[in-house]
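Before any comments, here is the structure.
Labels run A, B, C and D following the written order; every chain starts at residue 1.
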Amino acid sequence: MVRIGIIGAAGLSGRELLYWLRNHPEAKVELLTSSKYQRQKVCDVFPELTGYSQVFEPNDVDVSACDLVFLAIPNQASLELVPKLLEQGVRVIDLSGAYRLRDTEVFSKYYQLTHTAPELLDETAFGLPEFYKDEISSARLVANPGCYATGALLGILPLRDLLAELDRAPIIDAKSGVSGAGGRVEGDMTNYVSVNENFKAYRDFARQHKPEIQLYLTEISPYKAKESGIVIFTPILIPVNRRILSAIYLHFPKAVPVAEIRNRFSKFAAEQKFVHFMDEGSLPDLKVTLNSNRVMIGAESDESGQNWVIVTSLDNLVKGASGQAIQNMNLMCGLDESLGLL
Amino acid sequence: MVRIGIIGAAGLSGRELLYWLRNHPEAKVELLTSSKYQRQKVCDVFPELTGYSQVFEPNDVDVSACDLVFLAIPNQASLELVPKLLEQGVRVIDLSGAYRLRDTEVFSKYYQLTHTAPELLDETAFGLPEFYKDEISSARLVANPGCYATGALLGILPLRDLLAELDRAPIIDAKSGVSGAGGRVEGDMTNYVSVNENFKAYRDFARQHKPEIQLYLTEISPYKAKESGIVIFTPILIPVNRRILSAIYLHFPKAVPVAEIRNRFSKFAAEQKFVHFMDEGSLPDLKVTLNSNRVMIGAESDESGQNWVIVTSLDNLVKGASGQAIQNMNLMCGLDESLGLL
Amino acid sequence: MVRIGIIGAAGLSGRELLYWLRNHPEAKVELLTSSKYQRQKVCDVFPELTGYSQVFEPNDVDVSACDLVFLAIPNQASLELVPKLLEQGVRVIDLSGAYRLRDTEVFSKYYQLTHTAPELLDETAFGLPEFYKDEISSARLVANPGCYATGALLGILPLRDLLAELDRAPIIDAKSGVSGAGGRVEGDMTNYVSVNENFKAYRDFARQHKPEIQLYLTEISPYKAKESGIVIFTPILIPVNRRILSAIYLHFPKAVPVAEIRNRFSKFAAEQKFVHFMDEGSLPDLKVTLNSNRVMIGAESDESGQNWVIVTSLDNLVKGASGQAIQNMNLMCGLDESLGLL
Amino acid sequence: MVRIGIIGAAGLSGRELLYWLRNHPEAKVELLTSSKYQRQKVCDVFPELTGYSQVFEPNDVDVSACDLVFLAIPNQASLELVPKLLEQGVRVIDLSGAYRLRDTEVFSKYYQLTHTAPELLDETAFGLPEFYKDEISSARLVANPGCYATGALLGILPLRDLLAELDRAPIIDAKSGVSGAGGRVEGDMTNYVSVNENFKAYRDFARQHKPEIQLYLTEISPYKAKESGIVIFTPILIPVNRRILSAIYLHFPKAVPVAEIRNRFSKFAAEQKFVHFMDEGSLPDLKVTLNSNRVMIGAESDESGQNWVIVTSLDNLVKGASGQAIQNMNLMCGLDESLGLL
């Protein structure tokens, strides 16, 4: 039985970890923290989450009795806490963005923070199991991907060698529910009256996701940056609680047969436990991924066969955060990748 | 042309005043303030509100050049500002709760504030035009009613003498959109993820509305408090931006003929510009009052004829706040009551 | 392993049965039908429901190989199909209203149908496990309760003997999401543009729920009808997909101590697997019951101690329909009541 | 005073015409029809629309006493009715798609109807006042643009000569509220439970909009079709009642200075009554166009200066339908273009 700690267990991602880990057959939440709710009982804060008898500890609790710790706290806090935990011999899955980028200068530019543990970046595994299974399995530290990057990368990367032929930068028009856009912590922007019956592009908020997409797109595939950039990325806030629907526009210099695109996605989906490729003629909506760790992918071209739109749907709190984190935990602990996630 | 000032013009009620006053033929907004947006142009903060060339002034701007000032600021701020404005000879419509109750002890209990201008309470008019037209017309200070009180009182008071016969306290189950429950200023409670796909009773937040309903219900009608109380009031937060739907349950010791109830409401509606009584068999929904200064009322009994439910619908930002305030302004300035509100 | 059939498996309740039965350790869906989607694969109609390899059969398929059949079809269809299934020796849980009322005249009046199998009404168990456990366990036919009745009865009946003292008919102001109000099948009334940002009382639609509440309230408890009626019931349509929040107003002739009310609910909750009673000072919202088979109950009085409001929250598709049906199935098959529902 | 008829006045666009024409100083609705509500009073069907004493006539009523008739009926019905009305000497603004395309073969392909009045296509004015003012002013028949075309064309065409330089087909990712996607008439697709908390691409439904965009984009501007097509168009259904937010992706072979783009839009906005160009750094959201006839446009490039995203927001029922129709009516009758629309 893996002994788990969760730092920041009362935020949106933290609560989602609690939700899924309740019924995990091989993991047990030993301790969980919250600065806001410390000393309160889990069942008082989340009456719907039966099965936890614990109270929330303060964030600086001793976690050395845990085998693995999830961090669901802000970037700066993660940045500082991770080296301390590793020193204590605890393995870490960090749900913040602090360790996702490999280049500290890019990190500084997009996160407006100085990276204080650059020595750890080389050994950090990027927690996208579909592409980094081995690295994750043996890692001390896994940087859990952002929800936007997960939705974008899983919609493009399955095309693999075909991506070398793209003659334009992919355009990613990503529509995210509120919990993917700051969740409970931001003020006016996520107020009900601001969001309801509204819809807006909010580039500033999501600026940190673009370098993450660009880094792993070019690291994993043969795609090469174009003169005018690597990707074009527009995040949009939509009036739903959770989930992201990404429309990805690809242009090929000459027509690509439908079968060629479909075969690559079908093969990929067959190999991956949480990837589903839609039947021809179907694009996924948001419904199909609610409360699920799956990403659903659809692909369609226009008459020219050169213009393709790939649509991916995922639940930003599951495959885009806590579900994927548990998937990574399973790999790190030698368990079946899908344990507790079906 | 009436020269208008608006203190707190960038909040929800303030913005709504700007929206309606744009096209008012006899009033002109001379100056408007906002602490949050001071020095910014109205058209930058609210690009949809064309026609204002002004900037937001700070809240302590000199308003002595105005004939009438609307206060759309918190209770404490209103409490302090009103006496200063009256001293300068400016008439005031206060949209806060600071001057709504006549008894300073009740005020202290429900608002948790000490009333610092009790000498003004006697002359304050309660701004419910359907019942206090004369008082409003000649008032220096009008306390604009709360949205809950407006919805409750206009659903009960038209029955007038029949209310003497009620043998139980009316039950008011009032469902309010988010802007009636704290709007943009409250934190977690009005966050999108908290409100969307949710629904909750929030007695604490609306506790100040109950004494207001009780005061004017017994002041205006022959209804007498029952042994177990005056009214039972449950405010509920619903996932819409604006509007309130109130279900009011009345019980009579013996059956009241349908015609008797309907006649009273019909007569009342015929006399009042902004009251509409639904046809038999129809109860209002929220749709019918969006962006309107009207209150729509429906009434229905069960087979016994003793149990009646009255349903009222109104837009909390219009008839429940800024529209009613303009209706009061019209009366105070000798204009047609409905000017600028149709 | 119990062999299950589902007639009407593609409607809202049917789909919900499929969702929960996927992981049930002791039941297996052998066949499932849909008139609309017959011959189509489950995984094509509901791509999010992995684990079903079947196609939808037509509704008149032979179910004699099943041990137990769920009916999730309209009233008239259930009325006719039930006797045929019982004759074949199959046990039945009927999610329609066809067998809920015991009196065929009341049935005719409220359902506008003639009951064609009155001889079955005596042996039908009302599927509210908290009160009819024994009857359900041995029944051939269980009438699964309506969602409104479940929410109302579980908020009143735990008070048991205290209900003899009520001096007025309980008022039930029940706010239901769209799936509790006709779901996908109704036309204009459940269209997005009609429901979104709206809110309305719709007495006509829910008229069949009132006699159900009245029948079991008086059958189970010592509460006696008052001169002006048994209960007052107002169903209201709210803009959420699922769940019902019911406010129940009770009036006692003299004050009832808080502890007396709380003890009865606490004791009841301790005995029942799916009933949760909130801490003092808390009323449930809708969030706490999403996708859960639990009913959450809160209770509060005003200063008089005579006026109480009980608030219940439940998911109309789970505890209000398919979850409760599975709970009944577990009882009928001698399994643990909560199997597959946690 | 212009005498107006409205055929199909109870649908979403028809109701919106009634809403705006109530206060129009130079037009009077003489008669209005509805097949669904014929013989019913307007005030019974739409209690919120005060000021109409009429009943709905049947659709085949004699309109020869009107100066101008709006058609807000399905494509096939418009196709047939238009020639009859013109013969009677009545001028027509058709809100359907029946006369928008100039080529009957393209029409047949996309609308799956045979055009029965091809002789009228040459004289039909396309009712986009920003580009066809003269044609509209003198027209007998105006084809009112679709909401998608309005949102797309007004976001691209102001760039005029710059469009000759585009080296790729514009990508239009258009997110529409439910009333722009079939409104009240479609069944399952616009049911609340299907739309709420969901989000989906629905190419099939909006296929008729693409040829309309393509036709007028190439007719008005120097843009030339690219090898792989004219535009790429993805309509997406979002959970709001009304409004469309379109993201338009343009790629230039070399960087275009910000000032060059901004100047063109600013100049265009200065000339047009209902076009507003956002300040630098701002993209419009949906809020800013609710219940307004304005289109709000924002523009932004990435670091390369080659990739631009233009975002347009409009209310599909106003600038995308009935408001624009009234704007056209004003032009046809020699009135100020904005009369009744502010």
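Miscellaneous remarks
In the analysis below, contacts are C-beta pairs under 8 Å (C-beta built on N, C-alpha and C of every residue); 3 or more make two chains touch, one makes a residue touch a chain.
Only a predicted model underlies this, so the values are computations on that prediction, with no experimental measurement involved.
Averaging Cα atoms per chain gives one point for each, and the point farthest from that of chain B is the centre of A. Contact count check for A-D and C-D (C-beta pairs in contact): higher for A-D.
Chain D has its Cα centroid 46 Å from the Cα centroid of chain C. Between the Cα centres of chain B and chain D there is a gap of 38 Å.
Rounded to whole angstrom units, the spacing between the C-alpha centres of chain A and chain D is 39.
Among all residues of chain A, those that touch two or more other chains are 194, 197, 239-241, 284, 287, 290. Within the complex, the chain A residues that touch chain D are 168-169, 171, 173, 175, 194, 197-201, 203, 227-229, 232, 234, 236, 238-241, 243, 245, 247, 249, 251, 283-287, 290, 300, 302-304, 306-307, 309, 311.
Contact residues on chain C toward chain A in their complex (touch as defined above): 23, 44, 47-48, 50, 197, 276, 278-279, 282, 284, 287-292, 294, 296, 342. By the touch rule above, chain D contacts chain C in their complex via residues 12, 178-179, 183-184, 187-188, 190-197, 239-241.
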